[in-house]
Every structure is written in C-alpha cells, then in structure tokens.
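Take a look at these structures.
What follows is subunit A paired twice: with subunit B in the first complex and subunit C in the second.
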Partner chain A sequence: MYKKMRLAWPFILPGLAGLTLFYFIPFVGGIWYSVTDGSFENRFVGFENYATVWQNQMFQLGLRNTMELSLICAPLLFLLSFVLASLLHRIRPAGTFFRSSVLMPYLMPSSAVLIIWLLWFDYGGPVNHLLSLLGVQRINWLLGSELRVPVVLLFLWKNLGFCVIVFLSALQSIPESLYEYATLEGASFRRQTFSITLPLVVPSAFLVAILSFVSAFRIFKEVYFIGGPYPEEPLYTLQNYMNNMYGKLNYQNVTTAAYIFAAIVFVLFGILFFSQRHALRRLNGEE
Partner chain B sequence: MQNRHGIRLFLIRALLALMAIIMLLPMVQTFLYSFSSIPEMKAYMKTRGNRDEAEWMDAHLSPHMFSLGQYEQILIKDNTVLQYFINSVIYAAAILAGQALVLPAMAFGLSKFRFRGRETLFFLILMLMLLPFQVTMVPNVLTLRFVGLLNTVWAVILPMVFAPFYIFLLRQYMIALPDELLEASSIDGAGPFRSFLWIVLPVCRPVLGAAAALSFAEAWNLVEQPLTYLSQKPDLMPLSTVFNQLAGENTGFEFAGAGLYILPALLVYLFFQQDILSGIQLTEMK
Partner chain C sequence: MKKITIWILIAALALLGCAPAMAAGNDRTILHVKNTDGYSGLFVDNVFPVDGGIYVSVTGATRGIRYYADGAEEPVEYLLPEENVEDLMPGEDGTTSYTETVAWFGWKDGLYVIQNQITSGPESNEIDGGYVRKAVMQDGKVQLEECDVPQLDWTNMIEDYGGWKGSRYLNRSIVSGDRLIAQVWDNNGGAVLEIFDLTTGFAQEIYTEGTDDMCAGPDGKILTLQYDWNEETPIARIRMMNPEDQSEEEIATVQVENATAQGLAYDAENHRIFYALNGEIWAIPEDGSAEAQSVTDCPISGGFRAIVLGGQRILLWGQTDILIRDTDPNRDRSEFTLNIQDYIWGQSLNETTFDYTNANGNASVVIRNGGNMESILQDMMNRDATNDIYTLNYESSQFDALRSRGFLADLSGNADVQAAFGKMYPFMQKALEQDGIIIAVPLDVRGNAMGIRMDSWKKLGGTEEELPKTWDQFFDWLNQLPEKLQGTGIPVVEEWTTRYSFRSTIMNTILNQYQAYINQAGNDYAFNTPILRDLLEKLDQVDYDALGIREDENGEEGGMMDYGSSGEEYREPLLDFYTSYTISTWRGAANPLALRFDESTEAVMPVNLTVAFVNPYSQHAEEAARFLAMCMQNLRSETRYSIFADLTEPIRDPYYEENQKRLAEWLEEARKHLEEASEEEKSMWEESVKMYQDMMADNEKNSWMISPEAITSFQQRANLLQPLSYDFTSSLVSSDGGSNFYELWEGYINRQVSAQELLSAIDKKVQMMRLEGN
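Moving on to the complex of A and B:
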C-alpha cells in the first residue's frame, strides 16, 4: 500500500531495535563464545568446544531425552488434534461447548494445575485406582522412566487446544458442496477423507506439525513442574544441562550446546518442509 | 441408515464429552479443593506416596466441609503466595503493555509498506519464532549481563516484549486486509499514522484480542525465563515457578494458591474466547 520506506520506519524501528538487541545480536554474537576457550586470553579454538560438548555424557543424555520427548509429544499432539478436530467437524455447527473446553487449557497456567496432576498420578491416586478397576497392576508414575507419562500427558492437556482449532478452521474452510457431491456419488466416509479432506488440509497440517514441534521443544516447562529443578535421569533435558553449565558460568559449553541444538532443529524443520512439498505433489498428482 | 447415523453421532458426542471432562476437571477440582479447610487438606495430602497395596487415597471431588481458611491464610495471614502473585501480575502487565506499544505497529509496517528487505526481515522473524527458547537463552543472558539488566525484572520483561510469534500472528491478519481500506482514508487526507490508529487497529480487534489473550497465557505461565535470568533473585520469581515447591511442602493452602492463579487466566479466557476462535480462523496461517 505505502511505497515510501521513509514512512515505514516509525512503525518498524522500535520493534526492530528490540529484536536486534535481544535476538539477532545475541544469536550471532553467541557464536563467538562457542569458538573461543573462555580463558583470560580468550583464544580461538575452532570447533574444539563442539567436539567436547558433543562427547559430554550429560549433554548426550539431555539431548537424547529432549529429542525422545519431542518425538513422542509432537506426533501425539498432531494425531490427537487431527482426530479431535475431525470429530468436532462432524457435529458442526453444534459443539461450541466442546470447542471452548478443548481450547481452555491452552490459556490456563499449567504451573497451577500441576498440584492436581501430581495427586492424580500418586501411587494411591485416581489414575491407579481406575487402572486397578480395569484389572491392571498399579504403576509408580512418579518414579523413574514412568515419570515421563504424566509429563507428556500434562503437555498434551495444555497444548492440544490450539492445534485442534487450527485444524478445525482448515476443515471448515472446505466447501460443504464437495462433500455433498461425493456423498451423492456414493463415496464412503473413508474415501471422502482421503480424496477431499486430506489434500485440502495439507498446508494447515504442515503448520500444525511445525507448531507441535515448536511446543514440544518447550517440554522443559512440564519437566520442571513435575520433576522439579533437579529431575531424575529419564527427565534430564537439554535445558537442565544448560542451566547447569550456566550455573557454573561455563558460557562456552552453554552456547555450543545451544548451536548444536539449533542445527538439529533446523534440519528437522527442513525435513518437515520438504515432506510437505512431497505430500502436496503426490496428492495433486493422484487426482 | 438414519438410525446408524444417529448412533454414530451419539458416540462422537460421548467421546467429546469425555474429552471435555478431562480438559476441565483439573480446574474444577482445584477450585473445589481450595474451599476445604487447611487441616483437612493437610491430612489429605499426607496420604500421598503411600506404597501400601491395600490402600487408596480417598477420592472425593468436593471438600467435606466448606471453608475459606486457605484463602484467609494466603490473602491475609501469610503473604508469601501473595508476594509471588504480585510479581506475576507485574510481569504480565509490563509484557503486555510493551507488546501493545511495539508489536501491532511493527506488524503494520511489515504488511502495508513496501520496502527493500521486508521479506528478508519477515523470514528472520519466522526463523526466530521456530527457535526453541534454549537456543536464544544463552546469548540473551550475555547481552542482558552486558547491559546490566541480568537479575532484574527487565531481564524477564524486555525479551518477551519483542516475542516474534505475535508479530507473525498480527502481520498475517493485517496482510489480508484490503488496500482499499487505507486508500479511502488517504484520499481523505489521513497519513499512515492516523489510518493505523483509526482504521487498522479497530478492524484488527479480533486478532488483537487473540494475541493479547495468548500472550497473557504465556506471560502467566513463565518458567524458563525467570529461572535463568533471575537465578540470583528468588524473591523476584513469579508464582508459576513456585508451585512445584508448594506441592512438596504440604502447606495445606496450595490449592487456594493454585485457584488464585487460575482465576485471572479464566477471566481472560472467558472474555477473549470468541476473539481467539475467530482470530485464529481468520488469520492466514500458512
């Protein structure tokens, strides 16, 4: 609309200054820390820090746990939100109450909900009680690798709503007439799903996939809520490693760990991006 | 045929109802428990962690006797929870006020002006949005230390003010606004500033409401930022970082603390609910 750059400056400048100061400069400047040794002379050591950090056992544990938790959470979040969105879509235009109750936890502080959560997953708590009524042995949720279950569930509880709404709005933008025509032609629900619904929601699905991973990488929150500041081994995430190194004022190792993680994250998003293009091409090709 | 369809719809509704119960129960139960007396809650919380195979915790939904004791404790007698709560209010208010000043203007600049580097800048913002907090955290600590803000409230507030996600959200909405809207007002002699204030902002009401509510939710549930940026200042922590400790200590008033913390979020949600739903739906999120 407005073509003169001069006019844009007053709008952009405050935000740009903040982004530069708090995001761009630190991100680029941090690279310097990761390639120096932090001694008094602060010598340039190339990729030495990267080699050291990469071989560090605690870093490996943190990275492995972070990736494992993300790779459990993100696909679950993606699938569950698709299922819920389709169910909500099938009872449209009713279901306002269901829509707003699924979105609600997204706005709620999970920090305050954790007390109930710990109660639910107690050894003598309601979850075990339900399981034993179904004839399953009690499980000690709050110890060892079982701890991951309440963490993942708290994460899903909190983050499901937003993804459901994004999916739902994609489903709602598909014209009703397409389905009516397909039904007239005798296409089954499954056939309609594969031939109409899926191709048209691929772009939103990609967005939800990205959102799922972005939020799954924030699982440290739930880990901290349930595992506390010094969690057990199955919950020791990258963030814990970094907080630990940061506490020891070892900036070299923290920045190095951060860039290794950034590289992995970008590779992952790259894969997602290309698989979206691939999926679109295949779905369009079939028609 | 009609009958089978009916059964299927009923099953879908039953599944959704189950989901709604799971989604809402934690809040409902927190509020209900917050009205039991402190001794009752203490005794109840003591039954946690019992490894006796024969025993179950007493599973009840509502308190045995209604009492305001927990709230009296945290609001009047003992102000530790209240102090953390006030910290949370300060962070959320400052973050939202800062964002309101900076982000809509930036989104407007990125959507309705044509200039060199606009797409690059937007691409960089997208990349920032995708980065996990851990990646920007450390460099951020270094900058904050350099400008002397580490271990002050500003360390938590300032980086959040420029949160890339909301720039993205607002820009995607604004870019879909028709140019004719602005052309009409510039014919009437209004410059970009007046058009922004009097036309763009009112039209963007739903997405602004959605962004405000989502941002509030984020600022109200802060964990990573205070833990790293305020590691030397435990008394500046927001309430969200303290619940884990509260749950462990068995003070008897943890549910009133949790209820107090959920309440503002609940009000924000009820107030902005429609905006969030329509804001997300109308935004070109691709």
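Moving on to the complex of A and C:
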C-alpha cells in the first residue's frame, strides 16, 4: 500500500499544490487581515473586527437576506429536482431529449438570461399580462421585496438541471431487480420508496442539499446586474456586503465577514451531515 | 618631491569634490519664465540650435531673437523689425504688396526665415513664396538679407480658394543635413511631409497618416512618433521613415496610458532615440533592440520639443522653458529623486520643480500626471514607497479612505508648512488638520453657484435686505420677480438657459449645499427630509412662463445664442449660475447668494479642494514636505488669496501699467490735436479726449487681478465655506449601478419622477453606503 501511495503522489500533487496555493494559504493568511485594523500602523486588534462587523447593520441585513433566500431556494431546488428526476427516470424512451435539455439553463450565461427575465417580469411584460388575464392586479416585480420572486425563479431555473442529473444518476444506479423482488414480495409503492429508493438515494440527496445551499449562498450576480452594488434591501446579500468592502479595499471587513459566514456554513453543513447519518440509520433500520 | 606630491593630492581632492558638480554640470536651465498667473510677458516661439549656440525666437511683450552661445548664461538680444503699416495700405491701382513670414529655421551656423511675397487686389491675390532670407544680427536688431539659399519650390504649399490663394504653414519643422522637413495639413485634413532641399530648392511631398512628433534620424531618415488610441491601452509608435523610397519601419511602441509621449530626438553620436514620458527622458537604441532606459528627468509640462546637442546633451524647449539635460546614463545622477504621482494635474507642481531643483542641486523631481487613482489605496496597503507625493481631490473616496486609515504623513514637522498653515483661513485649517497634525497642503480651491448682479438688482429698486436669506425665501422671491422685472428688459437668467438647465442647475446647487449642510456635526445624514422635499416641491412649482425662461427644444439643454448674426443685443441677466465662491481673477459682476436651509443655521458654501500629501512610506518624507511647502508659494494668486488670510494687498492686472501708459500717450496726442484743431474738428477731438479719459478711469477702477472689493467680499464669507468631503451622491452616480440612479435623476429633471421618489431612492442608497462604512 505504501508503494501504491508513492505512485499516487505525482498525480495528486499538482491539484494539491493549487489547492494549497489558492485556498489554504489565503484562508490562513486572511486570518491576519481579520485581526488587524488595516491602518498605517496595522495594529493587532484581536476580535474587535469580528465584533464590529457582526454589529454592522448592513452585514446583519446581508446575512439575514442570504439565510432567508437560501432557506427558500435550497429546499425548493431539492424537492423540485427530486420530483423532476423521478419523472425523467420514468420517461425512458424519450428521456434522452429531456435529460439533455434540462441541463441547458445551467450552461447559459447569466447576463443574457437576465435580460430576458427582466423583460418577462417588467411591469408591462408577459407575466403581468398573464396575471391581468387572470384578474390579478399587476405587480412591480422589479422593485422592493417582489424582486425576490424573479430572482428565486431564475435561481431555480438555472440550477435545477444539475441537481436533476445528480438525482437521476442516483435513481438509475438502483438495480431494477430490487424493485422487481419487492413487487413480487407484495411491497407497495410507498414501502418501496422508503425501503429501497430513499436509502440508496440519501448520499446523493445529501450532495444535492449541499450543492443547493452553496448555490443559494452565491446568489449575487443576478442581483448585482439588476440593482448594482446597493440593490433593494430585501435582496442585499452578504455577497453584496463583501463585494462592496472589497471594492473599498477594506480587506479587514471582507475577511472578517467571510470567516463569520464560513463558521455559520460549517455549522449548517455539520447539521446536514448528522441529519444524513441519522436518516440513513433510520432508513436502514439501525435505530 | 614631497611638496609636489602634496599639491597633486590637493588637486585630486579638489577635483573629486567638484566631480558631482561637474558631472551634473551639463544640466542647465537656459530660460525659465515664471508663469504662475498665466501671464509671463514672454513666450518661447521656437528654438534653433546652430553651430556654436542656439537661437530662440520669443514673443509676448517683445518680439525678438535671443542668441545663447554655448556655455553663456545670458543671451544677446535682437529685436525683430516691426511691421510697417504703410506697406499694408493699397496703392493707386488698388493692390497691396507685402511680405509674409512663414517659418524660421536654423541651419549650419545661421538662422534663416522663409517668406512669401503676396500681391493682393480687390478680388484676388497672388503668392510668390519660398524665399529664404538670412537673419543677420547687428546692433541689437535682426535684419533679413538675401543669401545663397535658392527659392524653395512653393507650388505644393499654395492653396487656391477660387481666386484667393493661401499658403499652408510649416508645422514641426526640422532640419536634417541640407533638408528642411515639416508637416503640413492639406485642405482635406490630410497630413503631408514637405521636404525642401536647401541647396537646390527642390520640394518633395510624402503623404502620411499624420505624426504627433518627428525629428531627423540617421542617414537622412525621419523618425516619427504617432499615437494609436485604438489599442486597448493607448500606445505611441516610433517609426523610421526613409524619404527616398517612403518605406517605414516600426522601431518601438511605448505604452502611454494617460500620459503624453513627446520630445522625440535622435542622438547620432550614440545611436539612441529619446522621448519624454511621465516626467523623464527615456532612451532606446536606434534599432529598438532593447528596453527603454530612463536617462534624466524632464520638468517641462505642456507641449515641448527636443533636439540632441553634442556631448550627450539634450535640449528641451516649451513655451516658457528652455533646458539642457545630460543624457549620459553612466554619469552620477542626482542623489535622490522625488517622485510625484499627480492624479489631478495639480497647480504649481511644475513651477515648484524648478524652484526646488534650483535650491537643491542634488535632487531631481519626476512628475507623473493622470493615472488610475483606484490603485492608491492598494499601494499604501502594499507599503509602496515608489511615490513620495500624491495629489487627490479632497472629496474623493480614495482620500477619505487614506485619511480614515492614517495613510497620510505628518507635515507638522516642517516649519514652512507649519507657518503657512497658521496663516490659512479657518475653513482650510479644519480641512487639513486631523488629530492635531497637518495631513496635506492645498493646491486649489474653487466653488461656484448662484449669484446675483447687485447693479441690476439696484436698478430694479431692490436693496440688500430684500434679498432672500434662505432657500425657502428664494423660491418665494423668484415668484415675485416677474412683477419687478416687467418692462425693465433685464432677464432673470442668461437667455440661452432652458427650463431643463435651470431646473438641473438649481437642483444640483441645492443638493451640493445640502450635502455640505448635513456633513456638519449635529445634523442627520438623510436626504429624504421635509426640508429637501419642500424645496424640491417648490422647484417643481416655478412659473417658467412668467420668468421668461425658454422651453427646451428637441431635448436640447440650451446653448450659446448667436447674438451677432441674429441682431439681438446681449442683455445681462439678474442671476448668474456660475458665480465663484472663492476669489477669482475673472471680473464677473455677481455676488454669491448665501442661502441657508433654515433660519437658525448659517449658510454653507461648498467648495472643491485639491490637495497634495506625502506618502507615509516615502524614504524622502522631509524633502517631500519641503517641496510641498514651496508649492504653496507657487499657487496662482486667486488660489493663494482664497487660502491665506494674511494676503490682503490687492494685485493689479499685469497689463495695467502698460495700458495706462499707452492711454496717457493717446490722451496727450488727442489734447495736442485738440489745441491745433479747426472749429469743425474740435468736437471730434473733444470726444476723443473724453473717451481716453474715461478709458483711463475705467482702467484705473477695473484693472485688478485681485481687487480690493473681491478680497473684502471673500473675507466676509470665508467662514461659510466648507470643503466637500467624501461625496456619497457622486459616488452613487459613478458606481456600477449608477446608470439606474442616473435614469432616476434625469427622470426627476424631466418631471417623470417625483421629488419624493428621487429623494427616497437617494436616501436608501446613501444610507446603505453610510451604514456599510468605508
């Protein structure tokens, strides 16, 4: 095994070097920025920056909006992608076309898509036209908290494809024979789902959950294109805060905000990880 | 033997001591005309190096030629002949014949001039051009005499305008061997190189894409410099052209970015090409085979030219300066160089360079103009010591960030800076001091807004007490104006002002002043307030028809009216939108209107300030502070008087004495004529005498660069001035989301968006920016 490990090093070293140079070192190096004041004297200030950033109203607003959007977008994405993957899993003969087309939004550039989205959700656009046909009053989608709706929809539309593919591969990797045996044994659809499908899909589900949250945390590009560095309050995310601080070269605040957020994400993913383990045990009947 | 040895040792030591001076001895300022206030009385027209010295043609108060022999400190001056007015009078046949000077050039050891003989009739003219005369300097005068140079073939230089002919002018002329080469523009805007053979008179024409600078190159070739603005980063291309076959070879490209490359010159001795960029002279091999190397500093600002003299010296000349610089890369250059990154084209820096280097022979100064000021904070965080001095606008976010993080060196240790600071007006001291230390020096201060012409107001029967004191009162006063102005012929504003421009100017003035108002301690930093909303609503209700302000035409914002061709007479308006808050040399008649936002507070007059400061990481901080102290002495008079409270002596217009003397002569002449005049002519001469007397009185009263009234008026309002600090609104407009904001702004001016919507949008963004912090 030791010999095999030695053979493996040349293959993993370049990737590891890149990871070290562009992730680990900056991550550790950024800690220095977060504990100094960035002035001419560059004094060590301990956790003062953390306290200042944590108490900053705009940071709090950004964090709150980021968590809210994530808690809306990620579960929706998770559920929709699972449902769509299940449907695609059933449409086998014609499924190739749908499987390919579901990835298309993921590949399209955001700026181009956004222009179309803005036209659709314009006050006089097709969406409002449809609403008025249904007897509903027109909504100014591009102002205030209503702007969240097109942003969430755009997020879902864009990211659905990738998550569907992950779920679909998980579903397709379940041997058909298991379902056949279960049917022969008289298991209902519900029983098959909970005893066969879900336990085998949970690892992929965990991955999709992580991806969903990560993608949701990164909602920024579209908001920036619409509203600039200071968009409507309901859409001001942590990314806006960090981007603006970076623009002002306030590296102290950028790194501090990033580490605070990293800690929150770490806790969140820890919760997801333990949830996954617990769910697997339950589904496998270990508890 | 011992004595000889001692003497040799002494001589060697003496030589060693002189070496730096001798090594630096080739750097010389031949002419520098101080031009702080835009008036110097003397301008360098052109410089012609010849064997043994240089000829300089000067204009301004006197027109003449100065000859500086090699090594001479002072020139010998020769006056150019005055134009004989009688030569321009038509003869009996109605034609006029005169000589027109086209260009001067230096060749071998002499100075020459090219002249055209022009015969002008009532309906046409003829030009017989290209005559070369030699300038002979004798008894303090320049005389033009015939010489051996044949008449140049001037055929290509004549332009025919259907009966009337004109001669093209030679631009950027250079002499290469026995040829005179110049750039000429044809009628279609095309650039042509005209090459005249001075031994035969033969002319050759070469069409080019136009050159931005050129010089004589090796073996009769021509070196040209051309900007290429189409590239992502602007560049200048240096090319070598062979006039024999008109082939061109690119030698080098120079990244210019925001700077100007000029002063192209060729060193035949050492096979090098020189050009100036960013305050330095750079050298490249004539085949472009190596990177450019900086060889010396170049303190001249503005446009200038260069030519290489013998002994690795380069001659540089601009409008007010002629310098020689040593280009030997192996010599001992100055002990240190002060590097100045001038982002805002600061006043007085170039002038100070001369004073500073004259006072400190061991120093040189390099000024880089323009550039991307976004990088300054990054430079500070990287502890970059490249630049010793920076200049910035006081209200820029970059200056605000540097100030809040302490990246401005303390200048209090310099006695001259400290002394100058003590003499400044309080508003200036407050801006330049932080935590008890002086952080910057001012380079310019200006601000303008609305003013009222008191003469016109008094003609309307108005008094100073009746003038509005607050913005609220201003709009009420504005509404009452139509009644007061009726039948007087006095317009409210300039007659070309449209409703759009009136509205946007008032809006901008209010917002600027409001920003300064809320920056004061104790005021809430918010825009969506009752004060501002009420004012903008009043602005919405202005009756433009009653005030006679014209409508916008086809979305135009208004422009100058052509009074001449329309036959209309210009009428001075009551209000002036561009009245200066600070002391101005421009003799406008309006007084600034100091309007408050409420009765209980003082008016605030925002001004824009540009400053210079020392890099805290500079390795020559003391020298940099000394330089900045000198800068303040070289500011324009109007700026100095707006900064320093101890300056109270008015300054006469530089032309005052000259004009007064001339008027006195004419008056004396007119009085003599009056004494000798016949009865019929007496009234005419009496009128002339009165006219000259009035002109002298007017000259006495108004010929001020800084008038006593301007000083008094400024002193009364100095405590109301406030330098604008970091401007959230302009930052908002210039930020990446600025197009949205600008649409809203325009929408309000065009009445598509209400005041409430606009202020609410501004407030939201501004509050977000403030809460984020800097």
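Everything that follows uses one rule, which is that the second predicted complex is superposed on the first by the 258 of 287 C-alpha atoms of A that agree within 3 Å, B and C clash if a C-alpha of one lies under 4 Å from a C-alpha of the other, contacts with A are read in each partner's own complex, and residues count from 1 in each chain.
Rule of thumb we're sticking to: a contact is a pair of C-beta atoms (placed from the backbone, for glycine too) under 8 Å apart; a residue touches a chain by one contact, two chains touch by 3 or more.
What you see is a predicted model; the values in this text were computed from it and never measured.
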Simultaneous placement of subunit C and subunit B on subunit A, clash or fit: fit
Superposed arrangement, angle subtended at the Cα centre of subunit A by subunit B and subunit C, nearest 10 degrees: 60
Between subunit B and subunit C, more extensive residue contact with subunit A: B
Partner chain in contact with A:Tyr236 - subunit B first, subunit C second, else both or neither: second
First (subunit B), second (subunit C), both or neither touched by A:Tyr251: both
Partner chain(s) touched by A:Arg218 [first = subunit B, second = subunit C, both, neither]: first
First (subunit B), second (subunit C), both or neither touched by A:Phe11: first
Subunit B versus subunit C as contact partner of A:Ser110, first or second or both or neither: first
First, second, both or neither for A:Gly228, with subunit B first and subunit C second: both
Touching partner for A:Ser275 - first (subunit B), second (subunit C), both, neither: neither
First, second, both or neither for A:Gly124, with subunit B first and subunit C second: first
First (subunit B), second (subunit C), both or neither touched by A:Glu41: second
Shortest CA-CA distance between subunit B and subunit C [superposed frame, angstrom]: 6
Intersection of subunit A interface sets (partners subunit B, subunit C): 224, 228-229, 251
Subunit A partner contacts - residues on subunit C that touch it in the complex: 377-378, 380-381, 397, 401, 405-407, 616, 732, 735-738, 740-741, 764-765, 768-769, 771-774
Interface residues, subunit A side, partner subunit B - complex: 1-5, 7-8, 10-12, 14-16, 18-19, 21-27, 29-30, 33, 84, 87-88, 90-91, 95, 97-119, 122-126, 129, 138, 140, 142, 157, 160-162, 165-166, 169, 172, 203-204, 206-207, 210, 214, 217-218, 220-221, 224-226, 228-229, 238-239, 242-243, 246-247, 251, 254-255, 257-259, 261-262, 265-266, 269
Interfacial residue positions of subunit A with respect to subunit C in the complex: 38-41, 56-58, 224, 227-231, 233, 236, 241, 244-245, 248-251, 253
Residues of subunit B touching subunit A in the complex: 9, 12-13, 15-17, 19-20, 22-24, 26-27, 29-30, 33, 45, 47-53, 55-57, 59, 101-103, 105-106, 108-110, 112-116, 121, 124-125, 128-143, 158-159, 161-162, 164, 167, 179, 182-183, 191-193, 196, 213-214, 216-217, 220-221, 223-224, 227-228, 231, 239-241, 243-244, 246-248, 254-255, 257-259, 261-262, 265-266, 268-269, 273, 276-277, 280-281, 285-286
